[in-house]
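Letters A, B, C, D and E mark the chains as written, and numbering starts fresh at 1 in each.
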Amino acid sequence: MARVKAAVRRGFVQERRLLAEEGTAYLGRLKGGDMGSLPAILGLVTLFIVFSSLHDGFLTTYNMANLVVQAGSICVLAMGLVFVLLLGEIDLSAGVAGGASATIIALMMIDHGWVWWLATLAGLAAGAVIGLAIGTLVAALGIPSFVVTLAFFLALQAVPLKLIGAGGSLRWNDEVLRGLSIKNVPVTAGWIAAIAIVVGYAGLSLWSHRSRIRKGLVHKPTSLVVLRIVLLATIVLGLTALLSENRAVNPLAFNISGIPWVAPVVIALLLFWTFVLTRTRFGRHLYAVGGNAEAARRAGISVLRMKIAAFVICSSMAAISGLMAASYTGKVSPGSGGGNELLYAVGAAVIGGTSLFGGRGRAIDAVVGGLVIATIPNGLGLLNQASYINFLVTGGVLLLAASVDAISRRRRSAAGV
Amino acid sequence: MARVKAAVRRGFVQERRLLAEEGTAYLGRLKGGDMGSLPAILGLVTLFIVFSSLHDGFLTTYNMANLVVQAGSICVLAMGLVFVLLLGEIDLSAGVAGGASATIIALMMIDHGWVWWLATLAGLAAGAVIGLAIGTLVAALGIPSFVVTLAFFLALQAVPLKLIGAGGSLRWNDEVLRGLSIKNVPVTAGWIAAIAIVVGYAGLSLWSHRSRIRKGLVHKPTSLVVLRIVLLATIVLGLTALLSENRAVNPLAFNISGIPWVAPVVIALLLFWTFVLTRTRFGRHLYAVGGNAEAARRAGISVLRMKIAAFVICSSMAAISGLMAASYTGKVSPGSGGGNELLYAVGAAVIGGTSLFGGRGRAIDAVVGGLVIATIPNGLGLLNQASYINFLVTGGVLLLAASVDAISRRRRSAAGV
Amino acid sequence: MSEIPAYPGSVPDPAPLLQLRGVNKSFGVVHVLHDVDFAVYPGQVTALVGDNGAGKSTLVKVIAGIYGRDSGDYLFDGAPVNVHGPRDVSALGIEVVYQDLALCDNLDIVDNMFLGRELRNGITLDDLTMEEKARETLASLSVRTVKSVRQSVASLSGGQRQTVAIAKAVLWNSRIVLLDEPTAALGVAQTRQVLDLVRRLADRGLGVVLISHNMNDVLEVADRITALYLGRVAADVPAESVSHSQIVELITAGRSGDLGIRDVASATI
Amino acid sequence: MSEIPAYPGSVPDPAPLLQLRGVNKSFGVVHVLHDVDFAVYPGQVTALVGDNGAGKSTLVKVIAGIYGRDSGDYLFDGAPVNVHGPRDVSALGIEVVYQDLALCDNLDIVDNMFLGRELRNGITLDDLTMEEKARETLASLSVRTVKSVRQSVASLSGGQRQTVAIAKAVLWNSRIVLLDEPTAALGVAQTRQVLDLVRRLADRGLGVVLISHNMNDVLEVADRITALYLGRVAADVPAESVSHSQIVELITAGRSGDLGIRDVASATI
Amino acid sequence: DDDGGGDGGSGGGGAGDAKIGVILPDTESSVRWEAADRPAMEAAFEEAGIKYDIQNTEGDAEKMTALADSMIGDGATVLAIVNLDSASGAAIQEKAAEAGVLTIDYDRLTLGGSAEVYISYDNVKVGELQGQGLADCLGDKEANIVYLNGSPTDNNATLFAEGAHNVLDGMSNYNVVGEQAVPEWDNEEAATIFQQMYTDAGGDVDGVLAANDGLGGAAISILEGNGQAGKVPVTGQDATVEGLQNILAGTQCMTVFKSSVGEAQALADAAIALANGEEPETTGTVEDAEGGRDVPAVILDPVAITKDNIAEEIQNVFADGSMTYDDVCTGEFEQLCADAGITP
């Protein structure tokens, strides 16, 4: 009995020591400037504090749900761009590629009566073909991606212009595809999914933790692993609970409750691409090519194929993003995707922590950055200011959000890493 | 007598040998893919052949003079961007910085009655201040230039919007500043300037050639130097002669002759910045920072100051470009510089041979690339096609122009340089 | 590693594993390799020596498939093969440590060591096994100052980077290992380990090529010596048959006694 | 170069030209330098030795102003000075050849050699004079395979790059020269030239610091030897007073007889 | 340009060396320029047997100037422009005048310009129709309204808003709870902006004055998500397929139709007259305050289309040529068309 107690106590003491060590190391990393996505999250929190103090409506669940829907398409676009940016390339045509793909989806449904998922597949295929063309030109001919994608940015605008006609628009009224941004996940299903995510995360991280211990490799203290699981569970289940309430502005007349469908789609893409980037050979090779293409080539990696793949992924994700944008406005028109979307999406990825010079970036960066970018017009829209003020404030806020990040990174680079 | 003859013959034989060697070396360089600005020039020539075969009006002196005027502002913008690109940075705000500066120039003249050159100085100062702000944020805080200049791209749009008012515009009717694009250099003055340029070039290159021979350093064969002078003289004097004719469409009613004022301004800027980049310490340091910032820092170069300087130059050149654009359209309005100008200008620099990763680029690249970019809408404008076709063709031509360049460069990199 | 039966070290000239014949290579107007013949024999250490700029690294990169040849034959196991890039060459079982290392600075030590040949569980990476193997290999090379194998290679010292590159090349069951100045940045103990490793690899039957400017090291481990002078093969001889000073002469002047290039004066790049 | 009156080579310990006292330096959680004391004396060659990852290059970069110090004093000519970057350091007359060279690959040899200190005629660059001087300096370092001094450094071989970096540092009338493994990539003849150069510089009264893993070279030219072990100074002694094997012991174990760190076992990074 | 290919064309030599150049403004703000104006003008010019060249600037003032340059260079004797703003228009006309080319202001008056004649709909009037239309849909009750204006850089947008305010500001039962401009008429930004104005108002929005059908559609999209589509009236402009369908579906209150064919015909008449050296017919003059002159003008009246008059007016829209019965009355709208009395 006493021995068991002693053993438990010993385990406990060791655990405390491990945790303390981990804490010191984390503080050291923070001091050294290695902050991960913390700065972008800090920027987001700052924006939330400012806007909610300026307008009561900002922090309502209704507006938060709006924000999620508004952020959806930019998050997806930025996530696709991360792949291209990882290789130190750029894709200026992603926005219009999304517009062109959405046009094709709409036409397939309207003119040919295709069912939504078939039309969506066609749109994805169109995106993939665009990416294939860009990737081939960039990788095989070696034309700088800036120029290739500038050319595609122009040429792809011809597609909806020709198919829809100048000034026209196509209605986007498929039950499912339109529902993506105006319908919500049934409350029960939402709860089930949320719980599945929490359980899945817990299972995976505990399993990998145990393997590391078993193999005698460096590992985090168990309590930290548990802490993380608790944190994730709180956030996911808390948000689910909030969004399961009826949030309609006039709740008696209309019932809006449940997680907007956009959210699970974005989360699924985020999980999928995070898996690909961190746990597969393909992802590892992407980072290698982005870090040092020559080293990757010498290691037998086909730089050509990686580049093409990155552009294909980017344009396909752009197609999904275009679909989401169309779902939000309920239509596709020739100008779709031709505005500042692309610059905003690249900005989102960069604010999230992706480097334009390649080799550094994660899928979650795009989502955090996309939320920052989407929060700005969301908050400003509530404040009802003259356009020139909106321009000024948008610029200023963008700068602010980026500088939190930059200052931390500068400290890291001063530390020589 | 016979000895003199023998000496002459010996000189001649040696000259022939030197020239032959130089020729072999040039062919070797071409084979190795080191083509300088040749590919971009080839692209330009191709465009000229295609457009002139499709439309009789293309190669008229009237249209060529139009082309020069149309290319002016993009060449200047691209020239400014070269400085930023040389450091591996980007300036998305250059277009709108030009618009904002032009607004200030117009307001100074209209509201405050300033004389044109004072107003222009104010505009240049505004550009410089913008560049200073961007450069400081990029260099001192280390925020990625993509994000900083995206923020400025947005914020600067507020300036004309506030100063001119939504939907408004300011007339640009100062005799001199408007004359920049609709007036021509008096024919005699044009001839004098052209001859001065030829004589100046001849003097400088012969002088430097002689110095190299005197110091016993590697030098080009004298005949090649002379050949180059003759080539330049032919082009400059030939163009001057062409443009000195009356090119009005109805020549009896109206007389248009002389070099458009835009041309000497662009040429002066080109010569000035070429001098700065190739013959001064500042220029050398720019290349060094762009090639390897850490090596430059270790050599005692202040990377911070170089970055700020590059952004200041870029924004100031943008102010000049904005002025030219305003002079061309005869007005400034809130949208000025906010369109695709910036992308086109970066495209121009890249097509000309400037690298987006820093360390490679020249002022002439911007001018050649700017001419390529300006030729596309000029030619397409004559052909009168539906707008979606214009989008398609513009994209395609851009791609084509870039691929000539890329293929040659690829061969160079295959050669391992 | 040591259980594999050792190859008899001094069998005189078995059939060459790899052979280059009459290879030429130019960069633009610079003609770097002139009709180079080069062979690698199984179970032997071939030292490739030459002055700075003689063309050693270029030759290695030609063998590795990084550079194409302008002319000349590439034979493996006696048969001509087509190599179009590093991929083909590593498929032949040739591993290379480059002079300029070429590591991915954004990846950590383990990732770099397994780059291009990651171990997997199904489709997911088997990071645990890779981490274990990397640690073992580094330990065998006397690396003691590396804090963690999960450290980014950007933060390593010159010698540590060099060790990672070497470890990367010897991790695989290859048939030929080319080492371009592998010990240049290494400390005393680490150099010892690498030289022992080189000998051990050859004894296991691999063909090993070692480039070094340190003649003591060369004479210690090499079975054959190939000397390059201005891109030409000045000599290709058994190591026992030449002395320290003869090699130095071959390197710096292209000739030594009856060894060397006939017409030294006319040789230019 | 040789007309300047030679400084008497073996005056025992004049006042140090440069002195570091109690310097600490960490990268995040990695503590690389522990209370390091280091001195450079005029007219002497100080060899800085240590195992891979011992902290030699880090110490050089702290001296060069590339890295800041976490704590400790920086004295020049006996007086504390504030150094905020490489600019300040080169203003003091300190030249450095870095282990990672750091050349601008897009510039040619001449441009790299004069980088940051270009010669001028009025405001234009004096390219002719620079080209002449560069050629002379390179020739004095036994470089024969460089085709043209107007060649881009990207196309140079490892040893050629190393020579350019060395030439760049010795072109100036400086008071201290720090050389971080200058001969690592050099051929036999070039190594000889550099060692001679090191001796000549010291004889002219400069303070020279040489980092090398080659103990023969170190013992040949060094007047003093400072050994680092896991970021701590294990010994700082006149070269005559230690043997080859003693140095190796200091490097690999941190102790040798009564020299070295007292409490070796507790030393960690 | 006599090859007869492309969209350009030429007639016989009826008017000697006369050639008419027309520069249209963009393809973004409205479908009309390419779909209605161009074919109508082409038909009129062909009929008159006169050479012509019609181009579009894609909303780029610099490109417009370049196009004017090349048209003048190409021998145009009459140049009609739809200016992107007065200043750039005036600059083009100044150049044209120097080259001896006569100019026409089409659709938009160039203040301080030198056009011979001005042909247009009245843009302030368009805004007034929108304001009145919204008022009619809302009725006399107290109502919160929001304005979703066009691009802040577009002068027409300013005029539309001015017209709407002229009408609505006088009605005391309406309360403006939000007014924002949509940069570049971007429909997606419009949806976000509207959604936020709607949130700001706590969902208490009873009417939306949207500057055109595209912006209106974006607002309707958001209203739909809140179950309010059809309950909150929304205005529009341009009588696009989208707008007409929304009116049929009851989610949009009205749109404004400006027959492009009528306007194009008026332009063609005036241009042909000028090309032949005659004085064009006008309906009056319009004051150019900046230029200090009265410009001879042909002013046409826009028409409001609501659910009540859609059956008749849609025939005029069809006649305009930019759409057909099949474009509007497809799928779910076939029945709605039939209900509204619209037949093929």
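Worth pointing out:
Here is the rule we use: contacts are C-beta pairs under 8 Å (C-beta built on N, C-alpha and C of every residue); 3 or more make two chains touch, one makes a residue touch a chain.
Please read all numbers here as calculations on a predicted model, not as lab measurements.
Across the two interfaces under comparison, B-D and B-E, the one joined by more C-beta contacts turns out to be B-E. Ranked by separation of Cα centres from chain B, the top chain is C. Between chain B and chain E, the centres computed from C-alpha atoms are 39 Å apart. Spacing of chain C relative to chain E, judged by their CA centroids, is 74 angstrom.
Centre to centre, using the average C-alpha position, chain C and chain D are separated by 29 Å. Here the CA centre of chain B is 48 Å from the CA centre of chain C. Under the contact definition stated at the top, the residues of chain B that touch 2 or more other chains are 161, 166, 387, 416-417.
Shared contact sites, meaning residues of chain C that touch two or more other chains, fall at 27, 155. Along chain E, residues 27, 34, 152, 181 each make contact with two or more other chains.
Residues of chain C touching chain A in their complex: 64, 66, 85-87, 90, 96, 98, 102-107, 111, 115-118, 120, 123-125, 128, 131-132, 148, 150, 152, 154-155. Every residue of chain A that touches chain E in the complex is listed here, in rising order: 55, 57, 60, 62-63, 66, 70, 110, 161, 165-169, 171, 181-182, 248-250, 253-254, 256, 325, 328-331, 333-336, 339, 341, 377-378, 380-385, 387-388, 390-391. The touching residues of chain E, counted against chain A in their complex, run 27-35, 152, 178-181, 183-193, 195-200, 202-204, 214, 217-218, 220-221, 224-228, 238, 240-242, 245, 330-331. Every residue of chain D that touches chain C in the complex is listed here, in rising order: 27, 30, 50-54, 57-58, 99-100, 143-147, 155-160, 162-163, 181, 184-191, 213-215, 230, 248, 251-252, 269. Chain A makes touch with chain C in their complex at residues 211-212, 215, 217-218, 279-281, 284-285, 287-288, 290-292, 294-302, 359-360, 416-417.
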